[in-house]
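In the two complexes that follow, subunit A is the common piece, with subunit B as its partner first and subunit C second.
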Partner chain A sequence: MAGRAGRRRGGDEGGWFKYAMLLPAVAWVVAFTFFPLISVLHFSFASYVLGQGITGYVGLQNYFNVLTSGEFWHSIAITAAYVAVAVPLEVVAGFLLAWLVSLGAPGSRVFRSILGAPLFTMGVAIGYLGVTLYTDQGGPITGVLSWLGIHIPWFSTGWGGILAAIILDVWRWTPFIFLIALAAIGSIPASIYEAAMLDAGSHWQIMLRLAVPLAWPVMTVAILLRVIEALKVFGLPFALTSGGPGTSTQVFSIADYLTTIQFFDFGKGSAMGIVFLILVSAIITFFFRQMRRNID
Partner chain B sequence: MGDILWTGSSRIARYVAYVLLLLAAFWVIFPVLWALVNSVKTVADTFRTGALIPFLTFHPTLAPWRSVLGDPQSRQALLSSTLVSLGTMAFVLVLGTPAAYALARFFPRRSRDITLWFLSQRVLPPAVVLIPFYVMMVALGLIDTWIGLILCYSTFNLAFGVVIMRDVFRGISIEIEESAKVEGANPWQIFMLIALPLAVDGLIVSAVIVFAFTWNEALFASALTSQHAATMPAFILASRSTRGVDFNTASVNTLLAIAPPVILSFFVQRFLARGLSFGAVKG
Partner chain C sequence: MSKNGDHEELKTLAEDYLRGRIDRRRFLLLAGAAGFSVPLLGRLIRPAEAANPDLLPSDPISPYEAPITKQRVAFLKTKPFKGVTINFMAVKATVGDCVKYHAPHWEELTGGRVNVAEVPIETLHTQIFADLASGLGRYDAYQTACWFYGDYFVPKEPYIVPLAPYLADARYSYWNPDDWLAPMRKLYEWNGQVYGSLFDGDCQALYFRNDVFTNKDVQAKFKQKTGYDLPVPPKTMQQMHDLAGFFTGWDWNGDGGKDWGISLHAKVNEQGFFHFLTLAAPYVISPENKYFYFNPETMKPLINSEGHLRALEDYVKFLANGPREEIAWTLGQGWNLFLEGHAAMEPTWGDLPTLAQDPKASKVRGKMGGAPIPGTTEAFNPIAGAWKKYEFNQVGNVNGGTWHPVLSRFSKKKEATYDFMAFMANRKNAFFNSTQGWTGVQPGMKWEYLPPAGTSTIAEWEAQGWDAADTVQYLDAYYANLTMPLQEEYLRIPGAAEYWHELDINISAVLAGQLKPKDALDRTADSWEKVTDRYGRPRQKALYQASFT
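Showing the complex of A and B:
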């Protein structure tokens, strides 16, 4: 029963009802998270190619193949670079814009709607559109840059392709930081700002000395969420460059996808997944430590 | 926030702020505008310099829209995207809302741990479990089906439903539920008739978030479908590799692909921050 006691000590309140409510979701997650993870571990020790099934166990051979594969480490490096460049840009731009909108200028509401709009745009569609934006055959970006005397080989080099994807990622995900920062800044009482404004010369000082430190706990969660999502990135760069030229723009998810779906090497693909999971586990652990502090 | 930050700033500071905001707005709008303009051009106009403004510098045509919307494959992709997203949304809400309510009301001490545990599936990189899901879908005969995708997406998005809804239920006063209990209502009635109606706003926010993430998912969509159940991301990736990029139809496809979740998000934009940060920000 949803009673006072239920709120205070949990005890036996609710009886079987609370379990009936909770268990379906828990069972679902156990079934569809634990089993896949255990299977991946299992497959990673097997010689497993689609169509032939598991033809034997090869010990650590798959891991050896992954760890000595230049392509694998390249995909890890590309993913790390992607996260390391895109996320800081998004955080700085998102927070700055949230602050500017919070100032209360006339028209702020319109800016808020516009700047938040790309949040739910499809990565694949943005990458696909990006092809028409970056192309040197009539693309506006190349057009403007060449007018300035700058030439960036967007699609003929690996770094150009990743840079192109990062710029679109910033377009696509800055709104995420922007909206969370806006809420964080807005949750600080106005009287604090007003008092500070009497002392400080400009709103920039208030932003750096007051808003940034006060919003920081929430921003940590936002940044970690961005890092975790960016580590999973797939659609945007894949639609933009198809992983090429060669394998130069294959972030981890693209590399794993191609190993799995194009080459049907399930053993190696599984080992790649496990190694990746171990590599990012430190970040994930840090995320949970922060979440534990921030939610109640 | 008080407007003193604005009125109290110097004129230069205000100019700088406005210029930055305008630049940012232009940056956001430009790609969409580019897609809109290209979606009403002929191939010849696409590569003609100076053809920038419809009606003034080139004669707009609806041909790209007709060609995309007349193509059975893209219509099928739109249908698949819609059904899979709505199906996942419904599934997550039906499974996640009772769990969230139970966590908020009956598990005060373990609530946070279980919530964090739900979150862990959202954090797990999907590429890591792609192979087991693929094998499972083959075994169940669910490759290239809407149901197969809905099952996968429900797993990845359940965390959103549970964590956001738990936050919503915790924000609802327990007093009304208590008086209903005194009146003799059973827990199920209290949940269905009292808690749920009060949580409608939160339900809508979760629904929009789950819809958007499902709509946009590309990895599983590409791996687990081929034709029948291919959603928009899978369709776009497939046509990109087989047909290349045609500016005009690419623009139409882009606009069709980004419109539904973006339009939905405008209605709930103010509430998204709290949901997307899993309640870390109390906006």
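Showing the complex of A and C:
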């Protein structure tokens, strides 16, 4: 009882001021999360035609159309493949690079600055850059590979397009993992490393058996953020391939953009968004629980 | 005038003048000396303009306009739009650059100001209709593609306004819709009313390397391989396929590398599907059938008919005669292959011969050939469900954006906005636009063509940097295409962008080997049914039928 009373007393501290302080955050959430969500829910039950607005309410028809749409599930599969390949590559590469830098490899200070650059570049810009890097009409990547006798049909096959996008995504986001991993590795007390150096045979073993487990709580947050971001990927593949050839690189965001924004089918597009939100929430919740269990 | 000899003399003189062999002064002198009246000669030179007594050839007040009305000369003296700013949404592409080029000239004349907002082509439709549907109306005019037209007419009160009241007012910059070639004018109209001001005039024709096609050694090689004379230009799709195959895989341009038979571009969302629409037309359109997209009675899609299927199967075969990567190329990448001299043919827009005139970007200046898209000897009537043989079935087209300005009904500065639109449509500016590669503009007016079709001269084109032979090839091909008795219909109903997008991605999937042609067209038809149902079948049907009037 004393504890509860104490909590209640603590809750009264500050009076109206603390609510005033909360107000901007609440207003932000209402304006930019709650209101759009309600609006999307509303549209998802409606039939919308450009120039006429909502022409009627169709119950669950939009949801039925989405759930029976091959294109929708295809876009989900492409997105899942994208996330499943890109994020692990970024995590592994980012952590390895952070480990190398933390060991004081030569030139690591300069390398740290250069590595961070793609992180501050727009996805769309990187996508357009990719067009010039991969093009068969004088693109440097294609040129170097051709010189080595390797020909990759970057944009004329589905797998080539998605591979091209993933490579650029890894290039862009590895620094994000790198920076977090560097901080996580740096936070491990030096004395633990020193003790481990006496027992372990190599830096490789120290990384695997000491740095990875100790950095894992921080890394899980980084992974979670990357998974959420990667599920929403849009600009990079849109600028790079426009979702083609065919629909082979049409991730969910592109499919939803085309439906809702380009063709003004707000009803189906909103239903797509709600279904995707539910799917992602389920995945993230599961992922988060697993991570917490591992951390515990 | 009563004697045949007089007719011949006048004809010869007119041809000499119109082909640029004699100047205007000498033509009038010689023809006048031969007894022809000056008013008659005036009508021959510029028929519509000669009939207008208020029209002056030019006036110092506006060095950018010719001809110009007396009323406009007086109007401009007042700096009529001083302090007025108009907002113009343009495509972030060559045609948008062209708008930006003219804006300061108009500002200088009228005292007004133009804000040109450039929007990438892939989001242009969205931006225009988000502005209109939301009622914000932040823009006074939009540079539109013709396939957006249906969407402007969905609300009870259309989003754009007819131009007739402004056209009747001689204070605005002069241009005359009667000068349009008929198929082009239809694209600027809805229900018989003009809504767009002259800007672009797109159609796809076949461009080829005339120098290579007429080379004796190449011709001998071709005959040895195929058993018939190399056709210059190809008349049938079969000949085009033979040529594409023949020119693929060997060094016919002598630069040491292997070259290609055909250049195409097919990246999704980059207008690549227009290649298919153009090349498929003679498989479906015939003297017995003018419908390409839908059955006008039921709005059932025709896109998966046997004719469309054979056209798509043949289209895929072209892919083997160009670089594999062209299925992911943008328009510019497709043009580059031809301009660099590595492709023998390209079915595309008039930008190609126009860009070919720039020696910095082109190795093919003076080497261009042009012709209408080849025809077939058999076409499928999708309404009747039967193939029919023809001696020769060739179809013209107006495929493309035919990008041009339309006036928003929400605009509060309609007069100033129309004046800017008309200024760009004035003959002097319009002719400049269609002769420059960087503008992305092609000719749609009669006076831009050579005699006997039109009244421009080779000298006028040469003055804009054109090679004389290329000019004749280009304009003759364009004109022949636009005046062909059979024309492929142009889809202008609401949702046209979505119908075409579905076709675009499914064709792309076929080219990438992910779908069989039949499956791709069936999928397209299924998607089209859903789009039609969403917009409302009876309404779509009515608008589809109206789009033919």
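The working rule: the second predicted complex is superposed on the first by the 272 of 296 C-alpha atoms of A that agree within 3 Å, B and C clash if a C-alpha of one lies under 4 Å from a C-alpha of the other, contacts with A are read in each partner's own complex, and residues count from 1 in each chain.
In the analysis below, contacts are C-beta pairs under 8 Å (C-beta built on N, C-alpha and C of every residue); 3 or more make two chains touch, one makes a residue touch a chain.
The model shown is predicted, which means the values in this text are computed figures rather than measured ones.
After overlaying the two complexes on the shared chain, residue contacts for A:Q137 are found with subunit B and with subunit C alike.
Of the two partner chains placed around the shared chain by superposition, subunit B is the only one that A:H203 touches, whereas subunit C remains out of contact.
When both complexes are overlaid on chain A, the residue A:F263 reaches subunit C alone and has no touch with subunit B. Contacts of A:G246 after superposition: subunit C is touched, whereas subunit B is not reached. Looking at the shared chain after the overlay, A:V26 reaches subunit B, while subunit C stays out of its contact range. Within the superposed three-chain model, A:F45 lies out of touch with both subunit B and subunit C [touch as defined at top]. Of the two partner chains, neither subunit B nor subunit C is touched by A:Y82. With both complexes placed on chain A, subunit A has more residues touched by B than by the other of subunit B and subunit C. Once both structures are placed on chain A, subunit A residues 137, 242, 261 are touched by subunit B and, in the other complex, by subunit C. Of all the residues in subunit B, the ones that touch subunit A in their complex are 1-6, 8-10, 13-14, 17-18, 20-21, 24-25, 27-31, 34-35, 38, 46-47, 95-96, 98-99, 101-103, 105-110, 112, 114-121, 123-136, 151-152, 154-155, 158, 162-163, 167, 174, 177-178, 181, 187-188, 190-191, 212, 215-219, 222-223, 232-233, 236-237, 240-241, 245, 247, 250-251, 253-254, 257-258, 261-262, 264-266, 269, 272-274, 276-283.
Against subunit C, the residues of subunit A that register as touching in their complex are 47, 49-53, 135-137, 153-158, 161, 241-248, 250, 258, 261-265.
The part of subunit C that touches subunit A in the complex is made up of residues 122-123, 125-126, 129-130, 132-133, 151, 154-155, 159, 266-270, 323-328, 333, 336-337, 494-495, 497-498, 501, 505-506, 508-515, 531, 534-536. Looking at the complex, you find that subunit A touches subunit B at residues 1-4, 6-10, 13-14, 17-22, 24-26, 28-29, 32-33, 35-37, 39-40, 43, 93, 96-97, 100-105, 111-126, 128-129, 131-133, 137-138, 140, 171, 176, 179-180, 182-188, 190-191, 193-194, 197, 202-204, 206, 217-218, 221-222, 225, 228, 231-232, 234-235, 238-239, 242, 252-253, 256-257, 260-261, 266, 269-270, 273-274, 276-277, 280, 284, 287-288, 291-292, 294-296.
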